[in-house]
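Two complexes follow with subunit A in common, the first pairing it with subunit B and the second with subunit C.
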Partner chain A sequence: MSVSIHLERRLNARLAMRIAVPVAAVAAGLVAGGVILALGGHDPIDAYNSMWEGSLGSSDGIQATLIKACPLVLTGLAVATALRVGLWNIGGEGQFIIGATAATGVGLYATSLPGPLVLPGMILAGCLAGATWATIAAIPRALIGLNEIIVTLFLNYIAILLMDHLIFGPWADPKAFGFAYSRALPDAAMLPVIPGSYVHIGIVIAVLVAVTCWWLMERTPWGFSVRVAGGNARTAEYLGLHISRRMVIVLALSGAIAGLAGAIELTGVTNRLQDGISVNYGYSGVLIAFLARGRLLGVVVSALLFATLVVGSYALQTTGVAQPIATIIQALIIVFLLAGDAALAFRVHITRAPRALEPVAAGVRS
Partner chain B sequence: MLTSRATEGAAPEPGATSEPAATVLEVRGITKSFGDRFANDHVDLTLKAGEIRALLGENGAGKTTLISVLCGQYRPDAGTVAVRGWPLPPGSPRAALAAGIGVVHQDFRLVPRFTVTENVVLGTDSWGGRKVEQKVAEHAAAAGFQLDPGTPAWSLSVGELQQLAILKLLYRGLDILILDEPTAVLSPPQAAELFNSMRKLADGGRSIIFITHRLREVIAVADEVTILRHGKVVADREVAGLDALQMSVLMIGSDAAARHIASRAGNPGEVVLKLESATVEGRGVRALDRVGLEVRRGEIVGVAGISGNGQNALADVAAGIVRPMAGSRTCIASAVAYIPEARMERGLVGAMSVSENLSLRQYRRPAMSHPLWIWSHRMTSLARRLIDAFSIPVKNPDSRVADLSGGGLQRVLLARELDEQPDLIIAAQPTRGLDVASSAMVRSHLVGHRDRGAGVVVISEDLDEILELSDRVLVLFKGAVVGEYSRGSFDRAEIGLRMGGEGTD
Partner chain C sequence: MTFWLNSVSVGIVLGTPLAYAALGELIAERAGVMNLGVEGMMLMGAVVGFIVTVRTQNAFLGMAGAVVAGAALASMHAVMTVGLRVNQIVMGLTLTILGAGLSAYLGAGYAGRRPGGEINAIPIPVLSQLPVVGSVLFNHDVFVYALPFIAIGIWLLIYRTRFGLWLRAAGEQPGAADASGVPVFLIRYLAVMVGGGFAGLAGAYFSVVYTRSWAEGMTGGRGWIAIALVIFGTWNPIVVLVGALIFGFVDGLNFQLQSVGVPVSSHLLAMMPYVFTLVVLTITWTRLRRRRVGMPEALGLPYEREAR
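Showing the complex of A and B:
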């Protein structure tokens, strides 16, 4: 008796499958993580309990998750938006940092701005800086086809070094005892919080941006033309659409969203420019967009999931689990989710076929 | 698996040809169908040692399918392939190779960064060395190739790349060589050089199947010819004594009178499109050479020719997508419909839905959208209307267009392009790969729009289709118009000759 396994592409998975598979993936990730926790001498049940308490199982946990989700929604959107025109923006990290840097510059030096304009000015500066940073990659891509992945990636390092130069040098806080901090921003530069919580309004802005991007790309004629250009450049050419113009505009928009994320994190959380203001938010955005299969509204969901895992793994660390192990658990769940998503695209046939030369046994059918 | 092992055991020693004129390859009754279409229908073919056999036929006649069966890529529905009396297990590329059958594909399949020797030994156990280089050089010399074993492949000319691809087979000791349209990419002197080498190899005892649709080449190099038409062998004979005209009649079919021209004559009006001396060059090749074309309202102009003779460039220029580098294009049509040859690659967006693809020409119209909003229900109702009118085989307008079959894709494209009542229609290979029903629908739509008053250009390799539809026929060869005929004076044989580059001086 030989068994053959055969994969067949599945066109459309049923809704039940699309829900069951990610749930099963998270469960599988937790089981695998549990083995690692047990090997490390921790009780997996206790550990997961504290993870739950710290993320979704308590009011404080939910608030922490929402704060963490804000930059992730935006950097995920930055990637998913660029994907609409067929480009990979791997430079969310740099655009985030340059956005935070520009916002800091406005906060520190535009002292003549009237109070109510400080915050909008900072946020606008963050968006413009992010857009500019992305445009540096977009123009050579549109004109001569220079790979945007490489250019956006390398611009990340330039942005980080530029920020470091400023916070160690001209913008350094003399009272920070050598820490890589800029001077603190004025109070007018603080983002308000949602009443009754300590969650800043960034998450509301992020969701509004998500809906706006979705509407722009999926519901307007211009967004439609962008998707044509991203879906098949030769067809776009045949229809007479200007592809390079759309590439530049969309990548600039994508950069602006990542820059906005930086400005919001600055004004909502850190209140000063500091090394590590981005905990790989830009790179996580790539993963989040991937988990959302590039869908703009899906990004909100996958960013919330991602934020839950991150906050949960912080909580895990407070119970004495070492940070690397907490990160491994977080990574395991994501790997299972990605694998589950890939598996959804296939139907698995396992055929138990009688060998060709043997008479077919009764009741055995392929 | 058992049969395969038996055959591998029986694989001949390389180069060990038996007495002259022994049959090395015997193909009997090969039948292969795709869907309801027979690509090969009981094909027989015999190849003797030292023989060069031309395999002649139009595109879609079944040449490539037959070759794929011979080299084990396809498993035939019926029929056998035997090498020196031993039947090959069907569908086993390894067994075909072990029996000595090697194919030089049109795209060569070489590694540009590797040297000649590295490319030759790639896939064998060896990785070069002086001895191997020497052996490579010997094989090259025997075939009359001037290839330096140490040269990287990227620096070779097209002709040399082809020599390298042949050398690969020689080095492996294969002695049934199949060359798939080897002259398609060669200049005439390069082709002549190739023919010399082929003759040398055949004189050395190897047998060659040479695929082409150029009649002159058959006469120049082949001993025997097998002509395929619609998947069937219509001739299998010596080349000596055949002339180009006879061959073209066999290849294309002589039943012109029997095939009654189905469509009525058009009623030509004003000129909608005029190309004057339009020339397009790409990569040093003249894709289009001083082409003049006039299309009037209410007529169908057919462009006959074997693919690769400038059809794509002509379609792009006629549709106004590519501007001619020299010459001019005048077009008074307010709406131009273009059905490109590469439907999926150029006409559609695979990741988008059927309804979105159907709206590609109209989504910016006020009826469909406002700058800030697309009325998606109007998009859907347009889609439903077109799905009905063109019988697009899809239930849900929101399903991905990439999941449709070839016929379905063409219906989507046709529906979208013709819905705007265009004044000018450019249709390139509009029925290629389609089943009978879809082809008939495409043709009737083209005739219908002509009768409505549109000017239509049909570019096709299918001469039957051209003759059936056209009010005038142009023949394209190497980017130039080499013949022009009006309805009533269609001479099928002569058109066939001109398509093969004959009948002109």
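Showing the complex of A and C:
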């Protein structure tokens, strides 16, 4: 007798399971986080209460969540869009930062722009800079097959250093006394807020971008050709599609979306270029896109959930829980979500069978 | 002249942790598992190595603790990606976040402290007395000296042993390997954990041997550079070692230039290693690809026996 465990791919899970499993995953993550909180000398129930109050449990919390969701929807979209052509854009972080940097440049130096054009000019600059940054990775990928993950990652560090150079050097605020931020932007450079709230209109823009991307990728022939190019290179070649051209265009689009996120965060929230303007938004986008299974509209939902988690963990910190603990809880919830995702994708079989009766292919064990 | 000699000497020290981390990642990737959590595992190694050193006053025990810590975090990656077949890229990023959080949590009380135990340079008799090269090459710590032997050892393991054949088979054609009796899953688990051990050691080299202090996020993105070095080195341990040393040299050049007061912003100088690697990678990539050496065929793909 031997025990054999094997995983069988589930073709389609029931809707109830598709909802129950992520909920259970978050719950499991919170329980594990509770143990860590308790070990750190905090009351988990109190801590989670403040997490709820600070995120979805109050009007202020909901507004904070929407503000936080804006960059996350966009960076998630950036990753999901690139995935359509089969590329992993891990450079959302750098494209975000370079977008914010370019927008700052326009805001500080294009003083001859008439007032109403300042904001559009900054946002356009952000998109273009993000697209350029992504194209630096796209071209060697398309032409010689150089791994895009590594190039986009390296460009993140270069973007951060470039921003640091500017905010510590030429753009530094003389009143900053060694803190890392640029001079403040003019008032004309601030995004308006949604009437009756303090949520800037970025979240509306983000949802519009999501719908546009969805339409472009799902409802146009070009979007379909991108999916063919990303899904099956051989088919695409037979059809005479230019895979490399699509790679460059889609990655540029992806970078433009991440750059837009940077420009919006700058004009909607920080009002100046500063160290830590991106709180890992680019990397979070990868997780958000993955948890949405790469679906463009699904990204909006998973970004909102992610934003809840992030804002909740800020609330946790205001009650005296150290930031690393909040980070650990966040990571644990993601780990459980990923495991839950696997549980949805596979059915686990544990069989006790004598070796001889097993199918031939299972005869080799590991 | 002293400037360049110093740069080489500093470069060797800076390249050493990169080489360890990259060699570990190489082993995991040869088995077909990409682990983007190197940065997180290095941070865990750095903090655990430092804590063990402080507690025991023995730096070598600290390094051993770091190996265990790195391997432990890596085992999570293995369970998730090899066992549950979670996407390797996404899990690797999560591992980095987890490692950053855990290490900051564990190390909270240790910032600004001294390790107590030390690992010092041991000048090699006679050789270290050689003019010019003596002090540059033969006045280092034991982890530097071990490096070429480890790289050659990994090369021999991969290309000259049955285990190495299995390792490559698991990374190239897991289906065929499984069919012919190679324990694909076991090998992938092992390779990922050994890789994690190397990353842990690399992290502790920073905290225990090099800076002799702990600070949150102290590896500063070098885990990512290690991953790039594996590609740069076409999955060949000898080339990876050379690449790590070159990278360390460029990184060291940055410090040297700052110390002699070059009138360029330190942030722009710090870009050098990244720009340099990208440029070299782009220039050499076509040639490397033509030689058909390199990337394991099944890298990044979970092995599903049932889908064979």
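Quick notes
As a working rule, the second predicted complex is superposed on the first by the 343 of 366 C-alpha atoms of A that agree within 3 Å, B and C clash if a C-alpha of one lies under 4 Å from a C-alpha of the other, contacts with A are read in each partner's own complex, and residues count from 1 in each chain.
Here is the rule we use: contacts are C-beta pairs under 8 Å (C-beta built on N, C-alpha and C of every residue); 3 or more make two chains touch, one makes a residue touch a chain.
Predicted, not measured: the structure shown is a model, and the values here were computed from it.
Using the contact criterion defined above for the overlaid structures, shared-chain residue A:A80 touches neither subunit B nor subunit C, since it reaches no partner. In the superposition on chain A, no contact is made by A:V199 with either subunit B or subunit C.
Of the two partner chains placed by the overlay, only subunit C lies in contact with A:V286; subunit B stays clear of it.
By the document's definition of touching, of the two partners only subunit C reaches A:A339; subunit B does not.
When subunit B and subunit C are set side by side, the one touching more residues of subunit A is C. Shared-chain residue A:W222: touches subunit B; no touch with subunit C. By the touch criterion defined above, A:A331 reaches subunit C but does not reach subunit B.
Look at A:G145: by the touch rule set out above, it reaches subunit C but stays clear of subunit B. On the subunit A side of its complex with subunit B, the touching residues are 11-12, 219-222, 224-225, 227-228, 231-232, 234-235, 237-239. Chain contact summary for the complex, subunit C toward subunit A: residues 36, 76, 80, 84-87, 89-91, 93-94, 96-98, 100-105, 108, 178-181, 183-187, 221, 224, 227-228, 231, 265, 267-268, 270-271, 274-275, 277-278, 281-282, 285-286, 289, 304-308. Touching subunit A in their complex are the following residues of subunit B: 321, 338, 340, 342, 345-352, 356, 360-361, 363-364, 368-369, 371-374, 376, 399-400, 403.
Put simply, subunit A touches subunit C in their complex at residues 6-9, 40, 88, 90, 140, 144-147, 149-151, 153-155, 157-158, 161-162, 164-165, 168-169, 280, 283, 286-287, 290, 322-328, 330-332, 334-335, 338-339, 341-343, 345-346, 361-362, 364-366.
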